[in-house]
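Structures given as structure tokens follow.
Heads up, the next two complexes both have chain A, just with different partners, chain B and then chain C.
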Partner chain A sequence: MLLSYARNKHASASDRPDGDLLVKAAVQETFFAAKVEMVVKIPDLEISSVEGVIERCFTGECRQTIPLLQQVVGLRIGSGIIKLVNNFVGGPHGCPRLADLVLECCEQVILRYTVEPLGEILSKKGNELKTAYQEFLTQNPRLINSCIAFAEGSPLREGIDAES
Partner chain B sequence: MIIDLHVHTKALSPCSSLDPEEAIQEAKRIGLDGICFTEHGKLWDAQDLERLSNKWHFPLFCGVEVETRDGHLLIFGLDNIPPGIPAPADLRKAVDGAGGVMIAAHPFRGFLLFGFADLSMTLESACKRRVFQLVDALETHSGKSTKKENDLAQAVGQKTSLKSVGGSDAHTISELGRCVTVFAHPIKSQADLIAELKRGNFRADYFRR
Partner chain C sequence: MLGFSRTKWVGVERPDPETFFAHGILEDNIYGMELDVWVKTPEFVITRLEGKMRRVTTPVCEQALPVLKNARGLSINSPDLISTVNRKVGREGCRHLANLLLECCDAIMRCALYERWGELKKKGAAKDPGAYLKEQLKIFPGLQNHCRTLFNA
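Up next, the complex of A and B:
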């Protein structure tokens, strides 16, 4: 019988003096604890180094998956990264939890460059907000129909054709 | 001869909703001279392709889109696709062994995302991607890339002297023919296609707006 369970997670990205990014992700839960740290080369967004440690896990076999992390070195954070990381680190001989930590790091890198511009959009009101969103969608056509806010019929989609 | 060099059909790519026969009819309607099925990791059976081509009296060709560590590659002329996620260098050896052609598909797709402009990616740094040393051409006109991404691919193509191809990467009927490769000479067979891709007698262009 499980009487208590706790899970805490942390992820961050910070600028290094050489201009690259240092990205960290850690999870601490009742059964599992691990952390991953990677350096991401700018402007290519290429993972140039990665380290990881599993501090607490289910079986000793989990720790044997740490060397698989090196397979993500050289990958670029961009289109297709989720499939690649899950394949290399979370595959049949890997650890899906470790792969998740790598992907948390990738997410941090993307947020590092997208949160601020999105914040600028959200600071606008009324028609200015609508116009800013429409400009955002025009620049990022792949987001069209990606969620209900950007689906057909949404005021944010007015004047934007999915096929354009 | 105007060919959409990058098309996925639901026959072999589960992510596509494009019926092969509907694709052919649409290609004829919009004025394409041929289409090339490039499914994800799978090749069309040559006899099936020929049967379809004969039925509709329309030139059909075949390649394959392979996922690698350095992005997607369009491969022509390779009969056995390596399993898993191959390294581009290994794929290059296999393609050379088969006398085929290897092209970097949508090389900057998704890279120039909103907010990523302050990454200050220069043309010089974009040209340094390792995979560009290994391919025969770049897909500089991709129907699934933004104008900015295609512009960067074209600039890289000019700087690296790599030839440019165009393909829609169509997964739906309305996407077919958005980008094309215009060949200087008629392409009558798969062998012709590979030979012309090697000779470089073609250019990439936008087609369907």
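Up next, the complex of A and C:
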């Protein structure tokens, strides 16, 4: 059986020589292709520039939404970013696909800075691993209740209250 | 230096005229997971889900797989789909698996929205993309305010 539809989405974050991050997200699918590239200022996590292109779309009208991307310049990647990006770039007068690529870029930034501490934790075994996760959660309280691993009752959350 | 890389791939099949089947893969520096999703028409309801976690970060992560059942019965047409999946599959299970599920649902929706265009093209009957979208919105009225192009269709 042949596929009726295929989608390939790729996103990445790379360190620039000036210490900032270059983040890219691209999607290729049966009826649409686009990419977004942005620079994120470190350590502020502020979007300092953004560029995007819609390479292929169902009607040419989609391309008229590209200028909306500039409204995300100056936003800080943190609490509230999803709503802001969807309001500025998505919605009935914008392009939710472009907004999605901006948000994919934001996710890469967060994951980029999660890789190293996670690597440290995963190098431990048994009780040391559990203790390392508990310390990680104490330092990153926003993760409490964010998933089943950090929910109440999980061994990784022992001794940590939602309010801590 | 490349600090992080993530790829998501989704393929959609039509095993029978009433079914959309999506297979999704998420691979990045931290996580590796796969998901199969079955959606039945004409209601566009999720009827079955099967997940696999290939690479995760905690011994608890795999407990998120049974939580996928929370998505059974949801309509991919629902305006609340994203928030419901993020809450019932993401927070209660795994947010990366929820992200992959939403990617699969969106892929099925795009496939359903545009598949007739391909058939019309083969017959040489595909003329005006705008008129085609206007027709399709009768089947997917919830998409009317989805984006600029559909809003103006």
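Here is the rule we use: the second predicted complex is superposed on the first by the 160 of 164 C-alpha atoms of A that agree within 3 Å, B and C clash if a C-alpha of one lies under 4 Å from a C-alpha of the other, contacts with A are read in each partner's own complex, and residues count from 1 in each chain.
Keep in mind that, in the parts below, a residue touches a chain if its C-beta (ideal position, glycine included) is under 8 Å from a C-beta of that chain, and two chains touch if they have at least 3 such contacts.
Note that this is a predicted model, so its numbers are computed, not measured.
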item	value
Simultaneous placement of chain C and chain B on chain A, clash or fit	fit
First, second, both or neither for A:Ile42, with chain B first and chain C second	first
Partner chain in contact with A:Leu84 - chain B first, chain C second, else both or neither	first
Which superposed partner A:Leu3 touches (first chain B, second chain C, both, neither)	second
Touched partner set for A:Phe136, first chain B, second chain C, both or neither	first
Partner chain(s) touched by A:Ala33 [first = chain B, second = chain C, both, neither]	neither
Which superposed partner A:Leu118 touches (first chain B, second chain C, both, neither)	both
Touching partner for A:Val53 - first (chain B), second (chain C), both, neither	neither
Which superposed partner A:Cys147 touches (first chain B, second chain C, both, neither)	second
Of chain B and chain C, the chain that contacts the larger number of chain A residues	C
Lowest C-alpha to C-alpha distance for chain C against chain B (Å)	13
Shared chain A contacts, counted only where both chain B and chain C touch the same residue	114-115, 118
Residue ranges of chain B touching chain A (in the complex, touch as defined)	67, 69-72, 84-85, 109-111, 113-116, 118-122, 125, 129, 144, 146, 148, 174-175
Footprint of chain A on chain C - complex, ascending	1-15, 20, 28-30, 57-58, 60-61, 63-64, 67, 90-95, 103, 107-108, 110-111, 114-115, 117, 129-130, 133, 145-149, 151-152
Contact footprint of chain C on chain A as seen in their complex	1, 3-15, 21, 29-32, 57-59, 61-62, 64-65, 90-97, 104, 107-108, 111-112, 114-115, 118, 121-122, 133, 145-149, 151, 154-156
Contacting residues of chain A [partner chain B, same complex]	42-45, 74-76, 78-80, 83-84, 87-88, 110, 113-118, 136, 139-142, 163
